[in-house]
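Supplied in structure tokens, the structure appears directly below.
Naming follows writing order (A, B, C, D, E and F), and every chain is counted from residue 1.
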Amino acid sequence: QIRQELAVAQAGELISKINENCFDKCIPEPGSTFDPNEKSCVSKCMERYMDAWNIVSRTYISRMQREQKNLN
Amino acid sequence: LELSKFIESEQQKVKLQQAIHQFTSTCWPKCIGNIGNKLDKSEEQCLQNCVERFLDCNFHIIKSLESTRK
Amino acid sequence: QIRQELAVAQAGELISKINENCFDKCIPEPGSTFDPNEKSCVSKCMERYMDAWNIVSRTYISRMQREQKNLN
Amino acid sequence: LELSKFIESEQQKVKLQQAIHQFTSTCWPKCIGNIGNKLDKSEEQCLQNCVERFLDCNFHIIKSLESTRK
Amino acid sequence: LELSKFIESEQQKVKLQQAIHQFTSTCWPKCIGNIGNKLDKSEEQCLQNCVERFLDCNFHIIKSLESTRK
Amino acid sequence: QIRQELAVAQAGELISKINENCFDKCIPEPGSTFDPNEKSCVSKCMERYMDAWNIVSRTYISRMQREQKNLN
């Protein structure tokens, strides 16, 4: 159950980061409707954000492993 | 029981207020120009649109993530 | 007493948000005194921030109620 | 009693340091230009003014809110 | 004992994920231009460089602070 | 031990603030190496940040003492 709560908290963090970053990118001037272009931009932006998250994650973890080896 | 319900409802109020604080500080710089004696119509409209679109964006992301998982 | 502590915490949050946003708007280049123009700008800015808070609050709550109805 | 006093005074120190961290990161981008071998006079003056005006602004807001409530 | 180890490893995972969240939101605005159907090579390279340089910067600061203390 | 944990937490906060502010200032466009100019900029920036921290600290504390006297 702890694991589940943590997973929920992390998913919440991801959603809120995507929202922050993609809102600014796709809806710089909020109008009176959520128009199809904005919607499609948000969909793509969400996927690109997760791509970026994966690249950052891989880069960070491999760097940390390299540093750890250097310490030993 | 009474106390735990009271705490829960207070916590919900706090979460609600935090969400409103967050939206206000996200939408304020987008919508407010020079500081005047009251908000003008276009600033009010902009704040409303900003909250609605931010939530649209949020709901859209949550739904997309859910449908990806299935 | 819990309620009171929460109320104090929330007032503190409001004050700090007003301060952040109005400092940037009214005192973009901090000088050697707090001049009357800046003071009056801060007073107005504070009122406008609370107006904005109220609009955001009403919009958010009514949207949430609409969404809840759609779910049921 | 001793321990609780100790903890309280440590907590105050932490709050103090957090305030200083916050002010420094608010005033740094406003006041610091190119990075040199020491802060120049105008940067030092700007940092002092920035802290003083930020506090003026804060105190003014708190007083106004209090007078509104009455 | 088992439980405490489990909690510890979960906490490490959370810290790891928080670091990744932080790096992603630092590097995203620096590296991502128009939103396309996939990240292009230069965006990928920029993200990798951004994480590496951010860590270089971090390690350099920590080492300098340590050597100052001695 | 409480004191130590707090000290560690505060040092961590300082490091992360320096990193944030000096990364932006010294490495606006992260390249494929951490070049000597960037390194020397980060070193200086770190020292300037701590200078700024000290000025802010002195200004803040003396202001608070002045205010406290006015209250009494």
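The rule is short, and it goes like this: a contact is a pair of C-beta atoms (placed from the backbone, for glycine too) under 8 Å apart; a residue touches a chain by one contact, two chains touch by 3 or more.
What you see is a predicted model, and the numbers here were worked out from it, not measured in a lab.
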Chain separated most widely from subunit E, comparing mean CA positions: C
Pair sharing more residue contacts (C-beta pairs) when A-B is set against D-F: D-F
Inter-chain centre distance, subunit C versus subunit F - centres from mean C-alpha coordinates, in Å: 28
Subunit B and subunit C, separation of their C-alpha mean positions in angstrom: 13
Centre-to-centre distance between subunit D and subunit C (centres being mean Cα positions), rounded to whole Å: 20
Touching two or more other chains - residues of subunit B: 27, 52
Residues of subunit F whose C-beta touches two or more other chains: 20, 26
Chain contact graph, described as a line, ring, star, complete graph or other shape: ring
Ordered ring members, subunit A first, subunit B second: A, B, C, D, F, E
Footprint of subunit C on subunit B - complex, ascending: 6-7, 10, 13-14, 16-21, 23-25, 27-29, 31-32, 35-39, 43-44, 47-48, 51-52, 55, 59
Subunit F-touching residues of subunit E, taken from the complex the two chains share: 26-27, 30, 45-46, 49-50, 52-54, 56-58, 60-62, 64-65
Residues of subunit A defined as touching subunit E within the complex: 2-3, 6, 9-10, 13-14, 17, 20-21, 25-26, 41, 44-45, 48-49, 51-53, 55-57, 59-61, 63, 67
Complex contact set, residues of subunit F against subunit E: 11, 15, 18-20, 22-23, 26-27, 29-32, 34, 38-39, 42-43, 46
